[in-house]
Amino acid sequence: MEFTASQIASFIDGKIIGDADALIKGVSPIENGEQEHLSFIAQDRFSHYLDTSKCSVLIVSEKLLVRDSYNTTIIAVKDAYLSFQVLMNLYQEMMGRKEGIENGSSIHETAIIGDKVYVGAFTYVSEKAKIGEGTQIYPQVYIGKGVKIGKNCKIDSGARIYDYCVIGDNCVIHSNTVVGGDGFGFQPTAEGFKKIPQLGNVIIENDVEIGSNCSIDRATIGSTIIGKGTKIDNLIQIAHNVKIGENNVIAAQAGIAGSTTIGDWNQIGGQVGVVGHIKIGNQVKIQAQSGVNSSVNDKETLYGSPAISYNDYLRNYVHFRNFTEIVSRIKNLENNSKDKTNE
Amino acid sequence: MEFTASQIASFIDGKIIGDADALIKGVSPIENGEQEHLSFIAQDRFSHYLDTSKCSVLIVSEKLLVRDSYNTTIIAVKDAYLSFQVLMNLYQEMMGRKEGIENGSSIHETAIIGDKVYVGAFTYVSEKAKIGEGTQIYPQVYIGKGVKIGKNCKIDSGARIYDYCVIGDNCVIHSNTVVGGDGFGFQPTAEGFKKIPQLGNVIIENDVEIGSNCSIDRATIGSTIIGKGTKIDNLIQIAHNVKIGENNVIAAQAGIAGSTTIGDWNQIGGQVGVVGHIKIGNQVKIQAQSGVNSSVNDKETLYGSPAISYNDYLRNYVHFRNFTEIVSRIKNLENNSKDKTNE
Amino acid sequence: MEFTASQIASFIDGKIIGDADALIKGVSPIENGEQEHLSFIAQDRFSHYLDTSKCSVLIVSEKLLVRDSYNTTIIAVKDAYLSFQVLMNLYQEMMGRKEGIENGSSIHETAIIGDKVYVGAFTYVSEKAKIGEGTQIYPQVYIGKGVKIGKNCKIDSGARIYDYCVIGDNCVIHSNTVVGGDGFGFQPTAEGFKKIPQLGNVIIENDVEIGSNCSIDRATIGSTIIGKGTKIDNLIQIAHNVKIGENNVIAAQAGIAGSTTIGDWNQIGGQVGVVGHIKIGNQVKIQAQSGVNSSVNDKETLYGSPAISYNDYLRNYVHFRNFTEIVSRIKNLENNSKDKTNE
């Protein structure tokens, strides 16, 4: 798609300084501008790119503009960062939606497919599954029996949604994520481990986004729940019977063990592990790679494995880094003490 | 599926107290009972749900029953937990099996498919692969050349089984797990890393279950082996040439590096890392997030990175948590010592 | 495939001691030799297998040979390890290449497919994608809009390459890896997190290999870059806007957070986490499970979470292991000090 500077300015109510017909064919980060690309400057520390950027058009916050003309075409706006976001959202909307059932998909005759749905080739929709209006299901997806998916979702290629799982409206599930695989439940016996059937499901509420290659296991009985607005990065493990509240952010490669409950507005860092059967409150921050092994109150910030208060961990870790010196101070004290005893 | 209380009682040899015709359409965890659902009470601490549960039927251990009648229908049994398991297993059996070759699968003419096998749409079975009796292969699975899969296995949607790998009887492989990808072997040269061909395979013995999104790499030569009855959770890395014995349990996101050997009945926690070329004995427990970098004797329990004895780690970690206070005790001693010297 | 000892000797310019017609049907590691299999001995510590191996043919370094005849057929060469590699490479070349478009693939009419390309069944190639000469795309792969893939690549079953990503020549992408999924970018608002569109792409340069189940996210704008010759193991997270240089080796389950820059010839261990927005130089070694949270200079070796110098970490960890004893030494000093004060 191509746009002129004046078309772009009209979307974001900006004022053009320069060539209103300058042509835009792509977008660059400001550090690596290219000709016929658009970028933006919202902070003073990037102002020098006003003179050096190869971009044909720059969206710039008004307060950073000091001259009447520049080498490149400028679109002056109040807040260049916000305007750029608006533009990117518009652009994605223009690009994004697919519609219709592609040849080569396999949809069971009892499945219910809403209006304006896209189902890609090689996608398999099982009996009595229900796909809501406007949802896009890319090629090679597996939808199990009785699965319910809401409106305006996007399910990327290779995602697997197992039997009886429920997904709300406006959810995004990225490629190769598995929703509703069996929980890891086995009973030890003298002859080996006996599987405990995993007969529950997964419920994903509205506005949830889940990255690629995640595993969200179904509950043993009842439901594993991902609450409204929660965002989950890539390669994350959510075990059976976990309940996650609203508006949490969980970074890549974190893992939450079985039956743990997590409140709202928490931030869980990358590669964090949380043990099973505990309760994490609200507005908690867990630093990357931490291992949480007991329940956590609201608004705590944790670090370490096992995780303790973030500040305590850092303070103690400074001593750990000086441990060799600390031990030689003890050695000195012991020598002094011996000297005194021998006096 | 629907059942009456009396049908359920007959499966588990239970005694009905209440309405033998009470209808069951689903199952709830006891904490979140629903009408027309079944649940169970096996422990005294859940006895209060006898009076408050919304479930229409409860399976209850005899010893917890003190009255002649309850609000809900009761099925009295010796051990409610065991009876409930029996029931769940029955239920899964009733629900579970698929059979037949679906339209849209691609099966090479030289592949050998046993009786009562299910092959889902968009599954690809390569030349000379062999699928044993009663095995279910869900849609969108990839089966490479000469792969052998035993009887009564379940291979979930999106699993990939590469050339010449061997899977025993009664195995379950969940969605998007990759069995037999190339091991990570490269020879450094001045110009870059040169690939070392990975020509071995993976052998998975009977009764193994592997979760979703795991990577089990093929051996360079010979076989990577997962022993009988071992259970592997989600998102786990098993590198080339690893040999794992029988009845191990490995929790999510753990990783075992190349050529390591693991015995029987070990428990490996979530996010554990084990380095390559070491030997782990039998009945070892490795705490979550530990990093094991040397061989381990039978029955040890480990924690930490690098991992040491569990009890030592915890004891030392208590001191780590008090490190700031410990350093000020040293400071005090130094001050005292100086005072004395100055006296 | 079957070979005789003399055929094998001719490939690697070796001298036969024994039966030139000995038949080879497979390859074994030296520790587990099998009849009609080939193996090799390049180190003195394996010399005892000269007499005990069940292999029918052994490739052996000349210097290890002391007799005129052995039980098994020997192929004597200068360096048995190198000769074996040569053979394995030859073998893989003989086995490996597929060609042609399989029935049941879906290729958009505007896609450009080079000569000698393989496209497997159930693979989906979107509009304007371009696949270079000799590249093999296995079944069930997803190739998005405008994707460019170079020559002689291998894309394994279930890989997903999203819109506008670019892959160079001679690259290998293993099963179920996702290239170009959305970066994890959300703006917090009072009502919840608002998605920041991820409109950039991923550029993978020549000679890169990426293992199975990896997630390589597309840049917000611009490109996430994996440099020439870099090798990436399984289950690895590369976040949006990361730039990785040439000839790096990254072990399984490592994760690199957003916008971090990594130079050349670095070795990153398994389960390592690297925070976002930092810079790692060249020839850096990062020990498994470390957590790197600040920029790193050339040639450093790091360990720990947060990571410090490898030697410091190990030295300090020795004290950590003795922490209980160290604390009792302090206690002793305190008692002595008190005794003196009380004297």
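We just call them A, B and C in the order they show up, numbering each chain from 1.
Here is the rule we go by: a residue touches a chain if its C-beta (ideal position, glycine included) is under 8 Å from a C-beta of that chain, and two chains touch if they have at least 3 such contacts.
Since the structure is predicted, the reported quantities are computational estimates derived from the model, not experimental observations.
*Asks:* Upon optimal superposition of chain B on chain C over Cα atoms, what rotation angle is obtained, reported to the nearest 5 degrees?
*Replies:* Rotating chain B by 120 degrees superposes it on chain C.
*Asks:* How would you label the chain A and chain C contact, same or different, if same means the shared numbers make up over half of all numbers there?
*Replies:* Different: when the shared numbers are divided by all numbers used, the fraction is under half.
*Asks:* In whole angstrom, what separates the CA-based centres of chain A and chain C?
*Replies:* Result: the chain centres lie 25 Å from each other.
*Asks:* Of all residues in chain A, which are in touch with two or more distinct other chains?
*Replies:* Residue numbers touching two or more other chains: 104, 122, 140, 158, 176, 213, 235, 253, 271, 289, 305, 320, 326, 330, 333, 337, 340.
*Asks:* Considering only the defined contacts, which chain A positions touch chain C in the complex?
*Replies:* Listed in rising order, the residues of chain A that touch chain C are 27-29, 31-32, 39, 85, 88-89, 91-92, 102-104, 120-122, 138-140, 156-158, 172, 174-176, 207, 209, 211-213, 228-229, 231, 233-235, 246-247, 249, 251-253, 270-271, 288-289, 305, 317, 320-324, 326-327, 330, 333-334, 337, 340-341.
*Asks:* Please output the residues of chain A touching chain B within their complex, sorted ascending.
*Replies:* 104, 106, 122, 124, 140, 142, 158, 160, 162, 176, 178, 181-182, 184, 186-187, 191-193, 195-197, 199-200, 213-215, 217, 219-222, 235, 237, 239, 241, 253, 255, 257, 271, 273, 275, 289, 291, 293, 305-306, 308, 312, 315-316, 319-320, 326, 329-330, 333, 336-337, 340
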